[in-house]
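Pasting the structures in now, so scroll down.
What follows is chain A paired twice: with chain B in the first complex and chain C in the second.
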Partner chain A sequence: MDETHLKIFIKGTTNYFGQVARDAAEIGTPYLKEDNDNVILDYSAVIGISGSYRGCVYYTAPKEMIRKLIIHMGEHNADDALCADFVGEIANTIAGNAQEELGAGFMISVPIVLAGNPGSVRFPKDAPTFVIPIIWQGSKSYLLICVGESVTA
Partner chain B sequence: MNKKSSLLNLLKPIGWGLLAVSFLASLYGIFHYSNILRRELEQHGEVRTGAVLVRTMDARWIAFLGSIEIARRDGQPVGDILKDLKAYSSLTNDLFKAYIIAAPVKTITGRILNIRPVNTPVGMSVAQELQSIWSPLEVKIQAIIQNGENQNPEQLAEAFAYAQKHSKRVIEISDILSGEENIYRDQRMAGPIILRYILVSYLTAVSVLLIPIILLMGRIRKSNTALEESAALLSQKNAQLAEDARKIEEAKRESDVIMETVQEGLLLIDVKGVIGAQYSRELERIFRMENLAGFNFLNILQRILTEKMYNTTRDYLGLLFDSKRKEKQILKVNPLDVVEVNFSNPEGGFITKYLGFTFRRVVEAGVVTRVFIGVGDITSRVTLERELRQSELKKEKQFDLLLGILHIEPKQVQEFIETAKKDLLEITTTLRAEDFAAASAGKIDELRDRLNVVFRCVHNIKGNAAYLKLVYFQKMADEFESKINQLRNRPSLTGDDFLSIVMAQSDLRNDVEELDEIRSKLGELRIGGGNSTELFKNSDRNGNATQTREDELIVGLRGLVTDIAQKTGKSVRLEAKDFTAESFRSDYRPLVRDVLIQLTRNSMAHSFELPAERTKVGKGREGVIEIRPTKHEESGLNGFLFRDDGKGIDIIKVRERAIAQGLITPEDAQRMAETELAMLIFTPGFSTADEVTTEAGRGMGMDIIKEKIIDECGGEITVSVEPGKHCTFGIFLPN
Partner chain C sequence: MKLLIVDDSTLIRRAIERFANKFQFDEIRSANNGANALKEFKNFLPDVVTMDITMPEMDGLTCVEAILREKPEVQILVISALADKSTAVEAIKRGASGFLLKPFTEETLITSLEELFEE
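Coming up: the complex of A and B.
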């Protein structure tokens, strides 16, 4: 996985905010996740990746940001279930964009949405995990990408 | 059970037939009895008529005999009378005999009387008596008849007298016969007779019917025999079939056992891709699905293959079913020989497996009707191969790394790793910083500052690698620096511009970790070998052991000087009398090392001239770096002087570059002293090198020294420059 691939995932995320929320998100400085880092906020969605590449992409956001996003889009009843749905939707958009860009050799799983802090999420050890802060209206969420090339790819 | 049913089914119509026959026989018996009764009554009447005739016969005899006598007397012919007598004689004879032996009797009028004996004792007796009366008379009458017209009056009289004599008895017999006939009739008409007739009728009917029944039974028997033969044959066939079925069942059981236990997915698909009824249990485990019969094989593949691989497989199966294509050729291009498949994990993501598919055609009448498929879960094999492959690559790399550190003291390698890890972590910390996350336009300068921090860290790693002659890491760090430099030259920066930085950081971190792994293993080897110091004892560049133990840092610096000198064609030696890093606080020692490395590299890159140039300006061919301990005159801080006898800092060039880079204005440049101008080399990003090399040109390094010594540790830096002759740096650290 090179810089181009990472950018595809980032683009998917910014597309969501730019096109769906109609208010662009800023990309913070990416950094490498250390073993003891635990980047998990209130709502998280995990997408499994397989095929030519293997690993997972993880989007996590604070409740306050998701609520703000929902209200921004005209829905005032931003309950927990809706917040979880929104995070899943963001993950879906990221996955869809990656699928479009990376082609038929790329398999993406249905996002698994986690509400609350599950403690920790396991990432594949044979690939580095890149943490990309996504800032929208002053709130920070994170996109974590841990994807390596598949053996038979 | 079936035979019994068949028999019952066969007997049922017979029973109904017999019942019908009984009924008909009863009707027939009654009808027959009525008929008999009628005939009995008729015959009874005829017998009684006969009895009456008997009575009249006697009168006739007397009348005829009297008439003959009269005619004789009168001389009248007797011929007609004889004729009638003869007829009556015959009638009498028939009639009387009929009462003994039943016989029809034709009367004179032509009426036929069916006379039968009156079978009572009396009837039988009188019938015999009547015959006995008649027989002598008949003789006499016959003689009279024989006499014809010449009648003998004596004979006539005798006959006449005989007839008259028995006339009364004949009349009595006639009455007796009538009376006995009534008795006999009553006996015959009695009930048992009816029943007998009914029975007889019944038996007759049954007998008559029995014939076809017997015939039928015969037929049935024959049929039964045939049936039994057929049954026997059927039984034999059934036994054969049962045996065959048992064998088939046994074969199926064996087949099922094979299908249950075989460690490979086996299946057949038709031209539409539909899976047949028989497949191995393993297939369900492999595909993580149950009841696969009837499923479409392609639909299953579509779930677990990438779209690209699925399309390829679909086309491939199309080729397999194309009878015109040669199987051998098709099998050679099996796209599923080894394929990665992915099952959705309910807990998120995928479960990845590696499967190996084999295909064989099933051809019937020249047409490919089905394809036999074998599927094996080869995950373990592929994983092992992958691990072996990765292990090989890793080993190759580790071997290179190992070769690269064999010449280095283990402690130095460890220090390099620790420093590198620290620098890499600092990069992460810097990039992760909250106030650095948003890369808005106003924060570009902030981004640049942090970029510089990243650069310093990488530069430090590179310097340490060069010092230890870790060429691989030196190269990696240099490439890393190139990426950072590309960003430095951009007019604006955004967050995702740093992706290349973290990618390079990731690679470098991975390499450092590998080096750490090797170091660890090597350490174990050394401990195990019990000769840990021999290989790495102090030695000079040529591997010759030195007489006295020299400071490891100085040994490293000397090596660094030699390396760079060889690369650049310069000739330099390093002297370090009385200097030892041990004289500094232990937590400053790495910093002292980093500073000395940086200063050495700077001198080698910027200060020292080539030997020919040095000779030209009257210097010795070989340049000299001198390191010696000293104390800061004002602050009293402990430190050291680093002096090189090269051309020193090119103040003119510093001035020009500083103005060009906007660090100072031309006016500032005019009024600044040489020492002040020299201090500009500690400005981040400043460099006087004309081109970038691995040794210099990034404009980084001196600013790190300033930041570390002054900003972080509270130390001092002094610079003394005599352009063209020497340059001396003083580095002082708190005690």
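Coming up: the complex of A and C.
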């Protein structure tokens, strides 16, 4: 996956926040994750990628931002369980929407959700991991893309 | 008229329920995966179902087929983030009445349900 493919996820993220939050998110300059970059906030979700591609899509966000988004969506009580649930749904939607340009071979798993800081998250080494900063109402979250094409024998 | 909402996200189930209240369903129930949806369906026998695809235990497309074997006249709106056109085509092939892409808004959900009722 190269920088051209990143545009697919940036477009998906912009569309997501535009529709759900009804308030555009600012997309920061994407960069390549270094081994010592620890991008883990209060809630994180990982989507496994299989089929014609392999790797993962990972979204991590601070509690304050997720709570605000949930209230924005009409909920009155944004508890921890709902925050974790919502981070999984954001990751699922952005990853699933990427199928529009990557095709049905870009197969996604159900989200695995992490609440709290697990210390570190290991990403596959066989593909570069791109970090896309997402700023919404002053809070910053990150979408990490670590996806390569499947190697067939 | 009864509605069954199937999605593994609590937030999405609640949003659909809130938006669908416009239609004054007699009763609304929900399930968090295909396997639980099938159990709930057999007891509840709803007229309308909204169905996610990517869920644990039983995916939504398998569940669509299983539900239609129980009650062929049920109207099923598949609501998924999977944006490749072949996904929507597959959902319709398996018997769904409509397909709505996530993320959805109150307006797009209401329009999709209205289209379902017009059929």
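Here is the rule we go by: the second predicted complex is superposed on the first by the 152 of 153 C-alpha atoms of A that agree within 3 Å, B and C clash if a C-alpha of one lies under 4 Å from a C-alpha of the other, contacts with A are read in each partner's own complex, and residues count from 1 in each chain.
FYI, contacts are C-beta pairs under 8 Å (C-beta built on N, C-alpha and C of every residue); 3 or more make two chains touch, one makes a residue touch a chain.
Predicted model, so just to flag it, every value in this text is computed and none were measured.
Peer 1: Chain B versus chain C on the shared chain A, clash or fit?
Peer 2: The answer is fit.
Peer 1: With the two complexes superposed on chain A, say which partner A:Gln19 touches: chain B (first), chain C (second), both, or neither.
Peer 2: A:Gln19 sits against chain C, while chain B stays out of touch.
Peer 1: Once the structures are superposed on A, label A:Val110 by its partner contacts, choosing first (chain B), second (chain C), both or neither.
Peer 2: A:Val110: touches chain B and chain C.
Peer 1: Is A:Met73 in contact with chain B, with chain C, with both, or with neither (first, second, both, neither)?
Peer 2: second
Peer 1: From the CA centre of chain A, what is the angle out to the CA centres of chain B and chain C, nearest 10°?
Peer 2: After superposition on chain A, the angle is 60 degrees.
Peer 1: Touching A:Met65, do we find chain B (first), chain C (second), both, or neither?
Peer 2: It touches nothing on chain B or chain C.
Peer 1: When both complexes are superposed, which of chain B and chain C contacts more residues belonging to chain A?
Peer 2: Of chain B and chain C, B contacts more residues of chain A.
Peer 1: Is A:Ile8 touching anything from chain B or chain C once the two structures are fitted on A? First, second, both or neither.
Peer 2: In the superposition, A:Ile8 touches no partner, neither chain B nor chain C.
Peer 1: Which partner does A:Gly96 reach: the first (chain B), the second (chain C), both, or neither?
Peer 2: Second partner only, chain C.
Peer 1: Is A:Leu82 touching the first partner chain B, the second partner chain C, both, or neither of them?
Peer 2: second
Peer 1: Just to confirm the geometry: in the superposition, how small does the C-alpha gap between chain B and chain C get, in angstrom?
Peer 2: 8
Peer 1: So which positions on chain A get touched by both chain B and chain C?
Peer 2: 103-104, 106, 109-110
Peer 1: Note which residues of chain A are touching chain C in the complex, please.
Peer 2: That would be residues 15-16, 19-20, 70, 73-75, 81-82, 85-86, 88-89, 92-100, 103-104, 106, 108-110 of chain A.
Peer 1: Using the touch definition up top, name the residues of chain A that touch chain B in the complex.
Peer 2: So the residues of chain A touching chain B come out as 2-3, 6-7, 10, 26-32, 34, 46-52, 54, 56, 103-107, 109-110, 112, 128, 130-133, 135, 140, 150-153.
Peer 1: Please give the residue numbers of chain C that touch chain A in the complex, ascending.
Peer 2: 8-12, 14-15, 18, 54-56, 80-84, 86-87, 101-105
Peer 1: Provide the residue numbers of chain B that touch chain A in the complex, in ascending order.
Peer 2: It is residues 306-309, 311, 338-340, 342, 344-345, 347-350, 352, 354, 382, 386, 425, 427-428, 431-432, 436-440, 447, 450, 494-496, 498-500, 502-503, 505-506, 509-510 of chain B that touch chain A.
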